[in-house]
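Each of the next two complexes has chain A plus one other chain: chain B in the first, chain C in the second.
Moving on, here comes the complex of A and B:
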C-alpha cells in the first residue's frame, strides 16, 4: 500500500538503492570484520536462508512447520557423508544435499498438507523427531550421536573469507528466488489459501497440491542451508535435526516479523548476534533469549521489522499477512 | 517367546502409560479449556522432579518425606502456574496461536536455564518411598511395587478429573467453555478466572507427576523434552482436550513403547511417531476428539 506521494518509480529506485548498499556492505565485510565476527555473520546468513524458507510456509502459506530442522539436518548430513565417505565432488554434494531434503520434503509434505493449524505444527514436529531419531540411532550409517567430523570444503574454499562469499551468494540467490516466488501467481495462490482456504478451493484450486509444492521448495531451501553449514562448520551432529533447532527459524521469524518479506532475516541477525554477544559474558543465554522473545511478543506484535515499517516507512507492509490483520479471516479462527 | 515375558512388557507398558497419563492429562485439560498448547508443560514437570529431590533431601523424614515433598512440589508448581498465567498467557489470549506457542517455547528456554543454574546437569535420583520399595508378585512374576503406586495414582487422577469434569458444576462450566467461550462469558461467568484456575490445576498436575516420576527414573535436564514429545503423541492420538482420549492415548503410547523396546530398542520412539502419524492422517482430530470448526 503506497503513500500518495510515493510513485512507483521512486519505490523501485529506493529498493534498488537499498539493495546496492546491502550488497556493497556484504562484499566488503570480510575485509572489515574480525575472523570471529565474520564467522558469526556467515552463520547469520545461513540461518537467514533457513528462516526465509520456513517463512514461505508460515508467513505466506499460513502453516507453522515445527519440523523444518529435519530438512536442514538432512541437507547437512547428505553433504557430510558424500564428502567424507564417498569423496564426492563438493558442488555435486551441495546439490545432492538440496535434493535429499527436497525428496524428504515431498514424502513428509504429502502427509502434512492434509492438516491445518496446530495439527500441521504437531505432525511436522512428529515427522521431524522421527527423522531425528533415525539419524541419532542408526549408528552404523550416520555415526549416531558422534555425528560426522572432518567435512572439509575443497581448495580455496577452506578459507573462511572465500567460503563467506559462497554463503553470501547463496543468500542473495535464495532471497531473489523467494522474492520472485511470493510475487508470482503461485505466491498469490499461497496467500489466498492462507487468508481464505474455502474460497480458494471454490476457485478450482487444488489446495493440497499447491501446499505440497510450497512444502518441497521450503524443504529444499532448508536443505541448502544445512548443506552450506556442514562444510563451513566442518562437522554435523544429530541435534541439527531436533525440534530445538526447528524452533530457531520460528523464533527468528516471529521476532523479525512474519508478515514482512525480510522479517526472518532481521530476526535471525538479531538472534545470532545477541547470542554471540551474550556468550561473551555468560553461558546462560537461553534465559536472556527467552525473556527477549516474550518482550517482543508483548510489545512488538508485528515483530521488529513489522513494527519498524509500520512506524517509519511510507511504503507500509509488504503483504498483509499473518498477524493482527489476519484474525477472523482465516481457517484457524477457532484458536482465538 | 513365553507368555510371562509378554505379560511383563504389558505391565511395564501400563506403568509407563500411567505416568504419561499423569503428565498428558494436565496438558490436555489446559488445551481443552484455554485452547493453548502449553509447550512448557514438560518443563513444569521437570521442575517438579527437581523440587521433589531438593525438598526430600532437606526433610530427612524416612517415612513420609517423599510424599510431603511431592505435595509441596506440586503446590509450588501450581503457584508458578499462577504467575505464568497472570503475567504471560493472559496477555496473549487475543493473539494467534503461533505467538502463544512461541511464548510457552520461550518459557522452556527460561526454565531449562534456571534448572541448569540451580541443579546443574547431573542425574539426580530419589529412592523409592517406603511401602513401595520392593517387588510384588503378579502371577508369580516380580513387578516393582512403585510401578503399582504410579498406576494407582494415574487411576485416581483419572477418576478425579472425570468427577470434576462430568459431575460438578465447575465441570459443566469447563465443558461449556471448551465448546463456546463467548456464550459462557455472556452468561456472566468470569472466563479469565476460569482460565487461571484451569492453568493452575494443569501446573499442579505437572508438578505432581514430575515429583512422582523422580523415583521412577532419574531427575535430569532433558526429561522435559523427552516427556512432552510423547505427551503430544498421547493427546494427538486420543484427541486433544478429551479426557477418555488422553486415557486411551496414554495406554496406546505406553504399550507401543514397551513392546517397541522389546522388538528394537533404538526405534521405540520412532514407532510412537508412526502410530501418531497414522492417526493424524486417518483422523486428524484424534480418536476421541471432535473436528474443530
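Moving on, here comes the complex of A and C:
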C-alpha cells in the first residue's frame, strides 16, 4: 500500500491482461482437457459460483450462512422438475431455478438477518436442514431419496463441451456481477456492517433490511449454480440440500481466502481438482482434505490467495492479515 | 415565539431503569439550535445512558424525546440518523478493515441516499467532499490507512469525520477527548468548536473533565445519580452550590 508507484493505468492494464489470459485459457480448455477433466473443470466452475455467492455473506457481510446448500439444491430441483415433469423450456427453467432460490432466500432470510454471529449460522443451518427434510420425505412430489433422473438439456447442450461454455459464461457473468456489487455503494455498506454493525446503524442504515438484500442476492446465485448443475449431471438428489453440501463453500472459502474477492474460486478449484486426483488411488478423501485445511489454517492464515497476495503483491489491502476483523466491534454496550 | 423556534432537542421526563437501578431519572433537557451544550457529571451519573436514550440505542422506561417538534421516542437509531441526529461513541467504535477514506465515503453514501446503489463504482462518488472532511479533521495523510492501524487519537478524529459525513443537525459526542493527552484534548476541542461554527452544527457532548468543558460550552447541564442538578451558562453552573458539593468540591 505504501508504494503508490502502481499508477491507475498500470493497474487497469495488468487486470485486463490477467482477464484476457484467464478467458483465453477458459475458452481453449475443452480442446485440451480429457473428457474426465473437462467434467471436473465444469464442476469447479459451478461450485465457484456457489462459493462466490456464499462469500458475499461471509467475507463481505460478516455472516456465516451454513444453509447455503438449500438454495443450491432448490435451484437444481426446480430445473429438474420443470424439465422432466412439465417439459418446460430449458432457459426458462434455469430462470425459474434462480427465482425459486431467491424466494426461498427471501423467506429464510427474513428470519435469519435479525440474528448475528453463531445464532445466524445455526438458524441458517436449521432452515437448510428443514428444506432438506421436506425434499427428502416428500416422495410423491420430489421423488424423495431417489432424486430425479433424466434431466437432459436440449439440443447441442447435451454435448459436455458446449455445456461447458454455458457454465463458463455463467461463471464470468456471476463473477462480474458480484465484483460490481462488492465495489458499489451497497457493497461498502456491507463491509461497514461486517466491521461494525452498531456503528453502521448510526449512519442511518437499517441493518436487517440491507442484510436481507444481500441474503436474497446470495441465495439467487447459489440457486443459479444448482440450476446449472442439474442438467449437467442429468440428475438431482436430496443431499444437494444437506448441511454437508453447505460445508463445501465454507471450506473452499477458508481455503482460498475469505478476504479476497477470488479466494473462494481458488479454494474451490484446489478442492475439486485435488478431490478428483486423490480419488484415483484412495477413498480416504476426507482425511486428506482435513489435513489440507489444517495446514492452510496454521501456515497460511489468510487462505491460499490471501497469503499469495500478501507475499507477492505490492498493492492490495484486502489481503491484510487481520483475519475476520472482529476486533473493536463491540460498540459501547457498557454505559458511563 | 423566537425562543420556541430555537429549541432543537427536548426531553420530557426521560427515565431509564436497568432492573432496580434508575440510571436516568425524569430528565427534562432542552438543546437550542447552534449551541455547544455539555453534559457533565461524575462516572456513573447517567450521561452515556442519557445519550443512548437520545440516539435510540436504548428504549426509555418512560418519557419522551422530541426533535424539531417531532416525537421520536420510538424511532430506531437509523431513523433518528435520517432526521438529523448522529453520534460518536465513547469506546472508539470504528471499521477495522476499511480505510480512513472509505469510512468517510460510506458515511457520505449513506447520508446522500446512495446506499442502495448495487452497481455503480462507489469510489467515483464524493471525492471532493471526502477530502474536505478529512482535511477538516486533519486526517488527509492517513487516508489510505486501515482503521485498525490508527492511533487512539486518530481513531477519535476518524470517528468525528465519519459522524460529520452523515451531515447531522445535532451531533452527539460521547466523551470526545476520552483517553487523549492534554495537547490532543485541546486541539480536539478547538476542532469541535471550529466545525460547529463552520457547519452550523448543534453539539451536545458529555465530558468528565471540567477544564475541557468550561473552555468551550455555551451551556452546561450537570448530572448526578441520574438527575439534573444544575443547568445553565458556565458561570451560573460554576457558582451553583449543589455542583460545588457533588462535583467540584469533592465528597458530600
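Here is the rule we go by: the second predicted complex is superposed on the first by the 315 of 336 C-alpha atoms of A that agree within 3 Å, B and C clash if a C-alpha of one lies under 4 Å from a C-alpha of the other, contacts with A are read in each partner's own complex, and residues count from 1 in each chain.
In this section, a residue touches a chain if its C-beta (ideal position, glycine included) is under 8 Å from a C-beta of that chain, and two chains touch if they have at least 3 such contacts.
Note that the structure is a prediction, hence the values are computed from the model and not measured.
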item: First (chain B), second (chain C), both or neither touched by A:187; value: second
item: Touching partner for A:210 - first (chain B), second (chain C), both, neither; value: second
item: Chain B versus chain C as contact partner of A:70, first or second or both or neither; value: neither
item: Which of chain B and chain C A:41 touches, first, second, both or neither; value: neither
item: Partner chain in contact with A:81 - chain B first, chain C second, else both or neither; value: neither
item: Chain B versus chain C as contact partner of A:304, first or second or both or neither; value: neither
item: Contacts of A:196 with chain B and chain C, given as first, second, both or neither; value: second
item: Partner chain(s) touched by A:129 [first = chain B, second = chain C, both, neither]; value: first
item: Common ground on chain A, meaning residues reached by chain C in one complex and by chain B in the other; value: 322, 327, 332, 334-336
item: Chain C contact footprint on chain A (complex, rising order); value: 1, 180-181, 183-189, 191-192, 194-196, 198-207, 210, 213, 259, 317, 320, 322, 325, 327-332, 334-336
item: Residue numbers on chain A that touch chain B, as the complex places them; value: 58, 64, 111, 114-115, 117-119, 121-123, 125-127, 129-130, 133-134, 137-138, 243-244, 247, 250-251, 254, 258, 284, 286-287, 289-291, 293-294, 297-298, 301, 322-323, 326-327, 332, 334-336
item: Chain A-touching residues of chain C, taken from the complex the two chains share; value: 23, 43-49, 52, 55, 57, 76-79, 81-82, 86-87, 89-99, 102-103, 105-107, 109-111, 114-123, 125, 144, 146-148, 162, 166, 174
item: Complex contact set, residues of chain B against chain A; value: 35, 37, 88, 91-92, 94-99, 101-103, 105-110, 112-114, 116-117, 225, 229, 232-233, 236, 266-267, 269-270, 273-274, 276-277, 280-281, 284-285, 292-293
